[in-house]
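Okay, here's the structure, questions in a sec.
When the chains are written out, they are named A, B, C and D in that same order, and each has its own residue count from 1.
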Amino acid sequence: MIAILKKDANRAAVDHLLSWIEKKGLQAHVSQGENELIVGLVGDTTRIDPFLLESMDIVERVQRVSEPFKKANRKFHPMDTVVDCGHGVKIGGDHFQVIAGPCSVEGENLIRIARRVKAAGATMLRGGAYKPRTSPYAYQGMGAAGLDLLMEAGTELDMPVVTEIMDPRDVQLFLDKGVDVMQIGARNAQNFPLLKEVGKTSTPVLLKRGMAESIDELLMAAEYIMSEGNPNVILCERGIRTFETRTRNTFDLNAVPVLRYLSHLPVVADPSHATGYTRYVEPMALAATAAGAHGLEIEVHDAPDQAWSDGAQALTPDMFDDCMRRIALIRAAIEPEGGECA
Amino acid sequence: MIAILKKDANRAAVDHLLSWIEKKGLQAHVSQGENELIVGLVGDTTRIDPFLLESMDIVERVQRVSEPFKKANRKFHPMDTVVDCGHGVKIGGDHFQVIAGPCSVEGENLIRIARRVKAAGATMLRGGAYKPRTSPYAYQGMGAAGLDLLMEAGTELDMPVVTEIMDPRDVQLFLDKGVDVMQIGARNAQNFPLLKEVGKTSTPVLLKRGMAESIDELLMAAEYIMSEGNPNVILCERGIRTFETRTRNTFDLNAVPVLRYLSHLPVVADPSHATGYTRYVEPMALAATAAGAHGLEIEVHDAPDQAWSDGAQALTPDMFDDCMRRIALIRAAIEPEGGECA
Amino acid sequence: MIAILKKDANRAAVDHLLSWIEKKGLQAHVSQGENELIVGLVGDTTRIDPFLLESMDIVERVQRVSEPFKKANRKFHPMDTVVDCGHGVKIGGDHFQVIAGPCSVEGENLIRIARRVKAAGATMLRGGAYKPRTSPYAYQGMGAAGLDLLMEAGTELDMPVVTEIMDPRDVQLFLDKGVDVMQIGARNAQNFPLLKEVGKTSTPVLLKRGMAESIDELLMAAEYIMSEGNPNVILCERGIRTFETRTRNTFDLNAVPVLRYLSHLPVVADPSHATGYTRYVEPMALAATAAGAHGLEIEVHDAPDQAWSDGAQALTPDMFDDCMRRIALIRAAIEPEGGECA
Amino acid sequence: MIAILKKDANRAAVDHLLSWIEKKGLQAHVSQGENELIVGLVGDTTRIDPFLLESMDIVERVQRVSEPFKKANRKFHPMDTVVDCGHGVKIGGDHFQVIAGPCSVEGENLIRIARRVKAAGATMLRGGAYKPRTSPYAYQGMGAAGLDLLMEAGTELDMPVVTEIMDPRDVQLFLDKGVDVMQIGARNAQNFPLLKEVGKTSTPVLLKRGMAESIDELLMAAEYIMSEGNPNVILCERGIRTFETRTRNTFDLNAVPVLRYLSHLPVVADPSHATGYTRYVEPMALAATAAGAHGLEIEVHDAPDQAWSDGAQALTPDMFDDCMRRIALIRAAIEPEGGECA
């Protein structure tokens, strides 16, 4: 971290700053610019608040030199991480996977939908048993019974299951049921007790970006999980909130190459939530694939107008068949030497 | 809820829609506009997803008629709610309160700071024992020992204590310690398990707006707490996230009169987080007061450059003295007939 | 347009509203919902301000039924518009084009760069002679001399030239020079005098989306041009402004399928400005192609670190060669029956 | 400007960078941090693109030391600028003014409204003769005839007139008519030809912030005007665009103290556009005053439901009377020693 001091910084104030830095357990390295003093903070600066430093009277600007995330940082881990999701399914590096299924687990239609998405080429099954809903009066999910239905479907079809966890008190239940991948949703993107709790397991975590979360903050959230000991984090871009109202969210696909540049973790994109409307899911699934995502998460329902949640953005199984065919063509186009799909 | 159908909607599709509405337990009331059919959905529409309805082929637009929040809605509760925070301190209606104290509980300085803010006119004491931090490597708070220090200070000074809760597993501890007001922070604004858990108590909840949370969603989050049985919700505007980087957040002070118009709940503003820099806290505290807030939450520290968190936005006790004098003048200006302060 | 009245609207106020509507030259069509009166405004509602209507005491909500754009609306013009840009180059429908060249026209390097982009498969040449710069002290462009260099290059290489116009007083000059496509930049996205002035010509206009411009407003800006008589409008998504700072802008690629759904006009995407960094241009160019854009605008410079502007986001000619090869593969993947490229 | 180099930067690349800096007419001042090389760019860095520098392979981060605005910068002009708007009305420093009048000049009602706002204490008259409207089919303003009506009212009431200019071709007309203050609206906030053209006059310019314009960019836009020779710039916060839809814009009142800190120019706030609804105008006018604005711009209409534009946010003259009384009380509260009003 570098602090650039104001031109008129007086000596006593500078000395105070230097001793403050040393009290924080860091070394201060002073260099004289043409017009201003530059103070480098050397050591572990992750505990230093740059806002505080910048608010000091003699400080003009503060600049981080190194990112505050370490374990998620490609600089310290140049090779792509490949996460093993169970059932022989790996994601990251050259491994591209499509996660599909209904928004909510609703009952017997789960297995019907699961068979269709498997037949179309999806390699992981999604479905929500615990649902975060804006309204307390909206359907909140089947809970543990939903987990059972998911696990049965995963077993029958030999597919890892991805399902959302919202409450740190549920982690043991998810482990007991054998959930393959725990998903953390946008609203819990900075729910630190939950991040820490899943970090204490070794189950892969699909971590969605929050609606107002910067890319750096997403990586810091991954760092929470990893710093507790769980390296199996899959990042997910699912749209951020902006002024545009023609779509449910604004799909920040730039985040795909940016995250791949900054981090070694697998990056998945969710065109269902990022658009909010069935008609835009396929083009944006193709776009995310072309942008270099390691995987996609897509909502599929066999009767969208009967869906308990998010029917507006579901593909039917037939639409999903078409979409998967085109995704495979895009994958072939960008990886002509043959990255493996599933 | 009103659905406006497309001009070319065919009869069979309209009939399908009408029977879909009835299966949801609602009545459909059809009226013929000049060019389009208008379908009113009559009954409890809180479980209807307007996005799904709008995604149907024959539907042009959907418009909610009534807000999805009920218990927080001024329409159904025209009088201002006054929340009793303990120690004889009430907020809402004509009762205006200033909550002040350090960002984090750090130790023995708490009581020194608390005495100063009390002397200056603050009526409630804040301090964080559990801290949500972007980095897992940053200071995470004193935990239960911090709660003890807070409660001791509150007892000594006869002030209710406001402190943040992040984990639903901590609710019983907060109750056991006798915390007067549980604060839910921006990052947990839509942490529904936490909202439900504090909703099962009768302890007042200071509910902060999320960084990308719309005003309607904030009211829906309040609804989560209220629908579990706890009517004692205090709303708090603390800045939203936008493109502007000269301040830590963008203080959406419009939210103060908008929330007062839409809801009967008390509305507090937090100029410390909403600006992020000490130098802007006083003018924005005055602005929030003039906008009609029922209270302010302000961070005060007697040695900001030694603060464990957020020193950049802390007022010193001397600055706070000045700020309180001006706040009182603004209060007098907007409530000349004499709304009571504290 | 539909106005939903409040439940307790009194008769006199309703009558006042109905007569107000009729004075505006519209018919009011009243229908009784279960709980509320619904008033349909029939006729040309483009001059009615929905905010005003909604602010009236008895009005609960207002909903537009039809979009305020007419000429740009696919509903009234279902077939894709194909714009003829000169030199035999058409864009829109099945015609996909890549516009490439340096950010600024700088001098003799223009023709060198132009030859390279043409050789790589670009079909239109870009270059700025008039540059909108945030700082008055930054380079402002070569002006008319730059137009001459561009036109010479276009003639030599038989390529239409795309260049930015910022001032309505320059339209005649652009016509005199024979500029093939006039580009309107993000900062002039709602510069209505400029939009009207280019609308009086028949020269194609490449209209970029403003940094805070909604999709509907972009289409209204196109409507300004079209309503003056010029139907040759090409829409361009170039990134919007959000809280994310790891990229120069947030590339709203959702806008590509949304604009294609709402409008018949060609839709181009600009991955250079939308990312701001060379390293992200290729993946996002591929993503935009996969999302269904009718074209791309890409900045290419043979010595980016010497570029007079925006070198940070330029591809070198060699990088552009690679990028074009992959773009062609993506095009083939999404249009297997063979949409024509150039 | 400071460039922090990557740890592994090789010598040849560093030398290339240093010579690049020198070719730009700057000096490079190298200092060795503990782990990284720091290069200071000394001289006039206003022409250096920090994005380009940051995109270079060996560069880790770039940090501006000094703001790119000079003439608008308080550092180089510590005293508040006071702008003389004519008719003896000054704004800035201790001079606080209220600008009021209808959104659009519509005809004979202008003088009626003007008399009322003058009687209530407004000191400047606003009214739009040239109107930027999202729709080409909406009312576009009376044009030159509207300017005549405005100037007549200003003369009769001895008030300076503020009115919007959208087209650089209109500057001479505005001068000929004797317009006292030319307003530049949000949509033209970065219309550089217009900024330059008004910069060539000495008429005061009220410069509104664009909907996605950062505070720094607003100051750079002021710099455009000032660098042409016109020092009479008044800055105006009128709301920015965010995800919140309960108000027309998000009023970034933080900008008031931030602009006062960074610049010496007068800062005005516009609660009419910043809220969009009559009911929120007064509380936000008071808030802006308390935040330290040098003035307010408020829309007043005697028959809002007949207004040709923006009736939804207009105060009636009676409401304006009340609002002005409260504004005076707030002014007295924050400036007890007696800043002068009008």
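One rule holds in what follows: contacts are C-beta pairs under 8 Å (C-beta built on N, C-alpha and C of every residue); 3 or more make two chains touch, one makes a residue touch a chain.
Note that the coordinates shown come from a computational prediction; the quantities given were computed from them, not determined experimentally.
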item: Chain separated most widely from subunit A, comparing mean CA positions; value: D
item: Rounded Å distance between subunit A and subunit C, as computed from the means of their C-alpha atoms; value: 31
item: Centroid spacing, where centroids are CA-atom means, of subunit A and subunit D in whole angstrom; value: 39
item: Cα-centroid distance, subunit A relative to subunit B, in whole angstrom; value: 27
item: Of all residues in subunit A, the ones touching two or more other chains; value: 212, 240-243, 245
item: Overall pattern in which the protein chains touch one another (line/ring/star/complete/other); value: complete
item: Subunit D contact footprint on subunit A (complex, rising order); value: 2, 4, 27, 29, 31-36, 38, 40, 42, 60-61, 63-66, 241-243, 245
item: Complex contact set, residues of subunit C against subunit D; value: 20, 44, 46-47, 49, 51-52, 54-56, 68, 132-139, 166-169, 187-188, 190-193, 196, 210-212, 217, 220, 223-224, 227-228, 240-241, 248, 276-279, 304-305, 307, 309-313
item: Touching residues (chain side subunit D, partner subunit B) in the complex; value: 212, 214-216, 240, 242-247, 250-258, 261-262, 274-275, 279-280, 283-284, 286-292, 326, 329-330, 332-334, 336
